[in-house]
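In what follows, structures are represented as structure tokens.
Both complexes shown next keep chain A, but they swap its partner, so chain B is in the first and chain C is in the second.
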Partner chain A sequence: MHRCLKMLPLLSLMWSCGGLAAAPVFEIEIRDHLFFPSEFTVPADQKVKLIVYNRDSTPEEFESYELNREKVIMGGAKSVIFIGPLKPGIYPFFGEFNPKTAQGRVIAE
Partner chain B sequence: MSRRYLAAYLLMAAPGMSLADGLAVDKVYHPYVQPLERELEYRSSWLDDDDMQLDGLQIHRLGFGASLNDRWFAELYVIGSKEKGHSLSLDAYEMELKWQLTEQGEYAVDWGLLFELEVNQENSAREFSTAVLLEKEFGRWTGTLNVAGIYEWGSRISNEFETSLAAQWRYRARPGFEPALELYSSDSAKGIGPVALGTVRFSGARKLRWEAGLIFALDSDSPDQTLRWMLEYEF
Partner chain C sequence: MLLSSVILVLREVLEAALLFSLLMALSRRLTISCRWVFLSLGIGLLGAAIYGFNIDIVSEQFEGVGQELINAFLQIAIYLALSVIAGLSLAHRQGRKAPPLLITVLMTLCVALAIVREGSEIMIYLSGFLAVENLRIPVLAGCAIGAAIGVSVGAVFYFLLLNLETGTARMAGAVLLLLVAAGMASQATLLLIQADWLPAQYPLWDSTWLVSEQSVTGQLLYALVGYEATPTALQVGAYVGSMLLLGAIAWCMSEIVRRRAQMPAHGGAG
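So, the complex of A and B:
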């Protein structure tokens, strides 16, 4: 239970109506060259706002050809990425500076 | 946007010809900037035309660019031309500043601005242009539009204001190959044609982007065909 609680902030997909035009907001973290969470589900056919926190000291690039996005997030900084509206499906993404470890996917449904 | 150096070249070749008499085919800019981005760029256009002044003319650009932060990108170019049967000559220098105004996907359309200042060393002509860069996604299709206002001045040319338009309709098939259609229009040249683009990835987040296309004249005043290509190495 304790472990789960500890992971909760990292795995939590924060859903809020804040920001732009009620776009659902999701937060993910980059830590030790990994994405947390590495997989999350977003509503299909709707624009989504991702807030990506890079907890590492080195920069990372969120990249996905399927999502048509690339965004460099400096070390210790956060960045906003808008994705979608997406058709139902699976959209992989990776960290271009650490492509072997930093991998994840967005599931739209 | 690039036609001024060709036009300046033509001015020298044909006294009395206005700087506005050039071609529009060059490159379509996207309104995005990435921090930490550095690139070396080489791009070229080769013209084929019944007009002997244009036929066989080659325009070459070599540039180095770097992002200043997550919103601004600066690039410096040296520009040369080669007439059929002649050697390559250095014609002009150009400074470019790109400003990303909105986050990609934040609004219905992504917005950016491009500022260019070109100095032609042969005829002391100057040119300053401001272009609005627009891009919108339609699923796997992407539409991009560049609309520019250009002011040219100099002691050996007629000062004048011009406009130009460049548009690209691209299908994101796969990273290594994306087919597209491009349209170019300036006050004195109009063309349309197929283009292919792609990205080859290397280790260490290095990339080689390439573009190649053949643009055909839409009227009798434009060069019959313009072959254009670009190599851009990001590191």
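So, the complex of A and C:
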């Protein structure tokens, strides 16, 4: 029992290192209610860390039914969203506050 | 802008309105005064404003996932409150006097938290776009229409529940409470996965062919019972597990009420 307890910090360290190593980072921007780039390719079958910079003064909500994600990003702020692992395919996302213009897609391959 | 405002506000209002209606119908069934609704609206709107206006500070916490954690916490709090409400109403139906004050407080809490969660997004949206002069009218009109539709759907749902036969209503009320609570738990799980606090997974299935999340049915099911077309194993586990846990909490609560009722009555309901 004690040995198990001693293993706990080590296990949690391995867990977090594994998580860090496994998540490549992708950055996108929101400008004038548009995503830049509006289309980008991420590796399939692994977790990806998405950093979204909102360069507009107005807030935006990153939303995707296909990715099952939803997050408010205030004007001038940045936000972290973890996505995946994704099977190869195309995953649309949009800005819920400006859905007519703010459209994009993640391609997993 | 008008149409996107309608859809945005409708989606947010719907979730809170359906929970609101379910609990209002329940409190009518338990013959508890519905005056708590005004208090919960007040607290909820105030909380939504405070949360909404501080979302940038919240978002920066915990390496940029503060928003997910707070939202997950709100969902879990609603889940727990619903579990205790379920237990107290179970005890009530078995003919034992459940403390009405406690039920009222919990119902107020549930609805207020749901309004904080959903209302804060509307506050953020409004605060962002009301500042843009040529958008002011379409955004306000869109929000009003969206809110009106959401509240109307909630009202229809409320009267549907009230007009059921007593037996059917009990069954429907219990099942709905269970599913709504499980939806909260599953959404909290999803938020924790998004924040990378729970391990990322592939979806267990894809039922988009059956009910798309973007369809009206999908949106209604999402708002009511937390429907997801592509849930992960953790979410499904949370859904089923939270239903079992709710059953256990409800049973314990009704036992506690039963034991208290068996004791010599001098304290009244407290």
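Basically, the second predicted complex is superposed on the first by the 88 of 109 C-alpha atoms of A that agree within 3 Å, B and C clash if a C-alpha of one lies under 4 Å from a C-alpha of the other, contacts with A are read in each partner's own complex, and residues count from 1 in each chain.
Methods note: contacts are C-beta pairs under 8 Å (C-beta built on N, C-alpha and C of every residue); 3 or more make two chains touch, one makes a residue touch a chain.
The structure presented is a predicted model; accordingly, all values stated were derived computationally and were not measured.
Superposition model on chain A: chain B and chain C are shown in a clashing arrangement.
Of the two partner chains, chain C is the only one touched by A:K100; chain B is not. When both complexes are overlaid on chain A, the residue A:G84 reaches chain B and chain C alike.
Touched residues of chain A were counted for both chain B and chain C, and C has more of them.
Shared-chain residue A:V72: touches chain B and chain C both.
Contacts of A:K47 after superposition on the shared chain: both chain B and chain C are touched.
In the superposition on chain A, A:T58 makes contact with chain C only, not with chain B. Common to the chain B and chain C contact sets on chain A are residues 47, 59, 61, 65, 68-69, 71-72, 74, 79-82, 84, 87, 96-97. Residues of chain A that touch chain B in their complex: 20, 47, 59, 61, 65, 68-72, 74, 79-84, 87, 96-97.
Considering their complex, residues 34-37, 70, 103-106, 137, 139, 142, 172, 174-175, 205 of chain B touch chain A. On chain C, the positions that touch chain A within their shared complex are 4, 7-8, 55-56, 59-60, 63-65, 67-68, 121, 124-125, 127-129, 131-132, 190, 193-196, 200-203, 212-214, 228-230. By the touch rule above, chain A contacts chain C in their complex via residues 19, 23, 47, 49, 51, 58-59, 61, 65-66, 68-69, 71-75, 77-82, 84-85, 87, 96-100.
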